[in-house]
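Two complexes follow with chain A in common, the first pairing it with chain B and the second with chain C.
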Partner chain A sequence: MMMKNRDKSYWLFLFPSLFALIMVMFVPLVMGTYYSFTDWNGTRVTQFVGLEHYIRLFSDTDFINSLVFTGKFTLVVIVLINLIGLGLGLLLTRKSKLNTPLRTIFFMPNLIGGIILGFIWQFIFMRSFEAIAELTGLSFFSGWLSTTATGFWGLVILYVWQMSGYIMIIYISFINNIPEDIIEAADIDGASSWQIFWKIKFPMLAPAFTVSLFLTLSGAFKVYDQNMALTGGGPFNSTQMVAMNIFNTAFRDNNMAYAQAKAFTFLIIVVVISVTQLFISRRKEVSL
Partner chain B sequence: MRKWTKMLGTLGLSLGILAACGNGNTDGGTASVPADEQVNLDIFNIKVETRDQLEELVARYEELNPHVNISVTTVGGGADAPAALQARFAAGTMPSIFMLGGLSDVELWEDQLLDVADTDAARAAIDGTLDGATLNGVVRGLPYNIEGFGWLINKEIFEQAGINPDSISSFDEFEAAVRKIDSMKDDLGLDAVFAFSGGENWVVSQFSSHFASYAYNNEVGAVADAAVIDWGGAEAFLQKYTDLINEFSIQPIITVDYSMAVEDLFVNGRVAMTHQGNWVVPTLDAIDPTFSTERLGILPFFVADNGTTGTIAAGPSWFWGVNRNADEAVIEESINFLNWLYTSEEGKERMIRDFGFIPAYTGNDSDMITDPVSKRIYEMLAAGQVTPWSHNSYPAGWFQNGLHPQWQRYVAGQIEWDEFIQNSADAWVEARR
Partner chain C sequence: MESKKKKQIISMIALAVALVWLYPFYLMIVNALKSRAEIFTNTLGLPQDIQWGNFSEAMERMNFWGSFSNSLIITVVSVIVLVVCSSMAAYALSRNPGKVSNWVYGIFAVAVLIPFQSIMIPLIGMFGQANMLNRPGLVFMYLGIGSSMAIFLYFGALRSVPKDLDEAACIDGCSKFQTFWHIIFPILKPTTVTVIVLNSIWFWNDYLLPSLVINRPEWRTIPLMTFFFFGEFSRQWNLALAALIIAIVPVIIMYMFLQKYIIKGVSDGAVK
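Let's look at the complex of A and B:
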């Protein structure tokens, strides 16, 4: 394209989405940051309180607990989702007639909304598991979601189940993009399929890891609806994730300004971690 | 050529979406009233259960008053409604009439709320029902209706166990009845005596209200002003009741939710009691049409030493607030509407007959109330055997962040009673900040 034309049309086409983005993302971000330094209660600002809210964060055990809980959750689901997603991706790129239907099936949970998934799994954990426990007498299936540990694993199972199929699709597209001739050459040279995976496919998949890790990382940090529908933060608010803690502070406790301070702090944390992850995994990528 | 048509199409589409967003915004606006006599009212309703009835009633009112247009927005209960109202406020489309849950809501919206003391409806309100919306001596809300709660019981099960529920007149007798039913639970086909929704923070909050009312002499204002919660003489009974239900409820009690307790276990006769209010009557009757007339009863709480009469909690759960920053004409018509609702013959009749409400206003015929539990609540209200909805005056967020999680910890055996009292009191101070 000619540069002269590009200048005008570039901005012309960018304008609608840029406008929307500014209105719903940047403006609220700036306003929210300002509010976090005031005593805004959602309806009025009477005074500027400086760093008071940010200092209060350090002694807010509920918020710190939710940060720790979210951190643990994110760590576990990143590993599980990527392992399962990659595993399914490798399985479903082998020559088989079942590939397409199976891909559809594994992807399907991703099409259901988080709230509905939460309620479905709540039923499974609380009713079906309880029924299994009664039938078999296995105490493992009894009392799910009534303790912090079962609440945690309940959330992990739900989220992994929902996201693995999505990540699988990303891996599949990258696996399909690995040139046939390289694999053929390796095959002729006598490499085993194990060696082909580790020495050729795995390094070639590095960009897929970058994308998948980023998506799962940023997604897991921001989980709200699954959390709300499945455990609602219970028992004793011990399975409350950060997004939920912030929402509750804002809309339940009417502590708008304080919630803004939490949200801003959370934003910084997520940005720092995500950018670090992007930076590290980009360096590991190889090019042909 | 094809490229250009595509590009133009994309541009058109994105502009179209933006335009659609713009339209949506102006549709939601209500602040501007046309210069002619038409007045537009905007009601923000939180009670989902009676949305259809409210819409019918509004349609009827518009028929009677052709110059008034009313739009009703209904947002589901729970945490979403206050958030939605906040959003409306932030967008500058504050409704002309909206619902308040109690003093903490009144405090939040004080700057938006009209003083409604000088209305016909306020004058007709039953003594004490305005307290829950009176802040610093100014009446800022009109009671919506009366709702009462306590132990809802399945009278059939009590009869089969040989217990006359009306004869229970102290905590000890209540405990004896619970133990007796428990000992016969296999014969009665029960899973447990109670289905207590320990997973629902609002149920635990309502449960605690009986004790808070006693501790603060039934003055909701005193609860709202308390620097820290002090259960006083009721603390021992709070513990006794908690221990009793924890021992005899469906377990794990901390995951029993509303739906499981009411719509499954209680209505199907698998438990004898649940802690709820008369708002579940339509739900119960929808599952089993004869449940409320044949089996449903209500048992009071005994929160002081033996010899005192049992009480249930009853009072206005919701109040109507009028937006005082609306146009003059809108405010006037808002008040006319509320007066009509509670003081006109038709309004009163609809409230009882269609909504199934217990009226919070005088001049109503109590015989029109059809279900026995609601009638019993109205009678106890008249006899002064009721305590107010004290929990609506707890500081915002306290029962969700303090009371409920700490109570769950206690019943799960994670903390001692003293720690429960201490931790929940600390959370009260924190919520006050």
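Let's look at the complex of A and C:
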């Protein structure tokens, strides 16, 4: 017997997840959108303020800087993570006994929480890099995390170290799905491994790019834990990412309605970027 | 065919990159075994005088076993709730195609695009007023945020489970509940493993949500405890590093035993 639509057990099976989803995601989304047009202080609304918060965003240099910083960070890590992830994926799908142990190593950082990662790298940049500077006399290694540039690259290094192994796993599963006889046939016909990569593997990996770009993009844009633990946004909020800016506006400065206006703006940006990216990648995939 | 020499060079490159990847772990371990002073005089080398005491002191001061059991309880309960609720929901949706199911599925799909930070402030406000900023509240929030992804995975897997099976099971007149749990759910085991793996990693490591929801020191999870401990001991790298290692060890042990499932779960979760 099939369940009929709207019969009792249908809704019974759906209820817990659907109820949680609505209470945790959609009610706050709707309420939050409304709050962002009011003077909500976390518990009470006394008046409607219209677009006041949104207009204020344009002159909030900290917020704009955090958007720019996050955008740059996202661009750089997407490129690096995908290059390294794909490179490692190609290296570790050849016949070799080293494949499994090396995959294990590269994936490992991904299992560690962002807070802990941030603290580990804080030690490396602040203490170990300083020791390298003393040892080699290279001022390049000195004073990491104390400037905006070193804070930026510090975050990039941390995130690339964390995520490359994850993206590598995704590329590996796609590379393994490429039928072996095609590669063998090309090999017999005398194609170089360079040609095999560009002419055969690369086009067949198009869906892997879509998935990996989507994952790195949405992940990088929302980074909070690593940012908080590594640089704390400093010096002078210059390495603050959007997520942290929203968090601080709400829970440190207690500026709830204004923070929610930022959060709503953030939502719009994330949705637009994700949808555009998926759309473009899907089209590219077809044309390849 | 590739020459042997070329193969060796490629292996060497892979090994070299792996060493670079491991270097942070090396630095962390050797320095956690040094005295506070030695970290400043000898950061890069092996410890001259091994200080095992750092670990016992860090463990005690960060209340390791307390936060470990908090993390374990929250992770296990949240994962079980998520698996039970989302597999049932996916089953209901997949066995009742139609307008209503399409709508419900669409609602779950749209939710994936919503970043947590964009709903977090009103969420905390709402749950605060309802007196739900506690562990059950956290489990409920994880269900709300995590169910979309889990339902996708189950829904995809259910497509390849023939509907005749449900009907055959019900010849003897068992309830839908029984059909699902006795016949269908066991077939979905590979998906269940994926859902468990992905969400355990998330719940275990999550910092932002618990930091907003858990407001009693005795409920703190490992990431929260690490944060507070680090704030207090950031000038004492030896203790701080020992604490970080202690916080990572449970994950690494799990990884060693369940590696196959973890890697498979992660790639299935992303690809499907």
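Going forward, the second predicted complex is superposed on the first by the 269 of 288 C-alpha atoms of A that agree within 3 Å, B and C clash if a C-alpha of one lies under 4 Å from a C-alpha of the other, contacts with A are read in each partner's own complex, and residues count from 1 in each chain.
Everything below uses one rule, namely that a residue touches a chain if its C-beta (ideal position, glycine included) is under 8 Å from a C-beta of that chain, and two chains touch if they have at least 3 such contacts.
Model, not experiment: these values are computed from the prediction.
Undergrad: Kindly say whether there is room for both chain B and chain C on chain A in the superposition, answering fit or clash.
TA: Verdict on chain A: clash between chain B and chain C.
Undergrad: Let me test your reading of the model: by the given contact rule, A:V271 touches which partner, first (chain B), second (chain C), both or neither?
TA: In the superposed model, A:V271 contacts chain C only, not chain B.
Undergrad: Quick check for you: in the superposed arrangement, does A:D62 touch first (chain B), second (chain C), both or neither?
TA: A:D62 sits against chain B, while chain C stays out of touch.
Undergrad: Touching A:S96 in the superposition: chain B (first), chain C (second), both, neither?
TA: second
Undergrad: Of the two partner chains, chain B (first) and chain C (second), which one does A:F251 touch, if any: first, second, both, or neither?
TA: A:F251 contacts both chain B and chain C.
Undergrad: Thinking of the overlay built on chain A, is A:A20 touched by chain B (first), by chain C (second), by both, or by neither?
TA: both
Undergrad: In the superposed arrangement, which partner chain does A:G42 touch: chain B (first), chain C (second), both, or neither?
TA: A:G42: touches chain B and chain C.
Undergrad: State whether chain B or chain C is in contact with more residues of chain A in the superposed arrangement.
TA: Chain A has more residues touched by C than by the other partner.
Undergrad: Identify the partner contact of A:F197: answer first if only chain B is touched, second if only chain C is, both if each is, neither if none is.
TA: So A:F197 meets neither chain B nor chain C here.
Undergrad: Who does A:F140 touch here: chain B (first), chain C (second), both, or neither?
TA: Touch status of A:F140: no partner.
Undergrad: When the two structures are overlaid on chain A, which partner does A:G234 contact: first (chain B), second (chain C), both, or neither?
TA: In the superposed model, A:G234 contacts chain B only, not chain C.
Undergrad: Looking at the overlay, which bit of chain C runs into chain B, 80-88, 152-160 or 188-196?
TA: Given the superposition on chain A, chain C and chain B clash at 80-88.
Undergrad: Which chain A residues are contacted by chain C in one complex and by chain B in the other?
TA: Residues 9, 13, 16-17, 20, 42-43, 247, 250-251, which sit in both footprints.
Undergrad: Chain A touches which residues of chain B in the complex?
TA: So the residues of chain B touching chain A come out as 7, 10-11, 14-15, 17-18, 79, 82-83, 86, 89-90, 104, 108-109, 111-112, 199, 251-252, 254-255, 260, 396-397, 400-401, 404-406, 408-409, 412, 414, 431.
Undergrad: Mind pulling up the chain C residues that touch chain A in the complex?
TA: It comes out as residues 1-2, 7, 10-11, 13-15, 17-18, 21-22, 24, 27-28, 31, 39-40, 43-44, 81, 84-86, 88-89, 91-93, 95-96, 98, 100-101, 104, 107-108, 111, 113-123, 125-126, 128-129, 140-141, 143-145, 147-148, 151, 163, 166-167, 170, 175-177, 180, 201, 204-208, 212, 222-223, 226-227, 230, 237, 240-241, 244, 247-248, 251-252, 255, 259, 262-263, 266-267, 270-271.
Undergrad: Once bound in the complex, which stretches of chain A touch chain B?
TA: Per the stated touch rule, the residues are 9, 12-13, 16-17, 19-20, 41-44, 62, 126, 143, 145-147, 232, 234-238, 247-255.
Undergrad: Note which residues of chain A are touching chain C in the complex, please.
TA: Interface residues on the chain A side: 1-6, 9-10, 13-14, 16-18, 20-29, 31-32, 35, 42-43, 88, 91-92, 94, 96, 98, 102-116, 119-121, 123-124, 127-128, 130-132, 135, 161, 165-166, 169-170, 172-174, 187, 193, 211, 215, 218, 221-222, 224-225, 229, 242-243, 246-247, 250-251, 256, 259-260, 263-264, 266-267, 270-271, 274-275.
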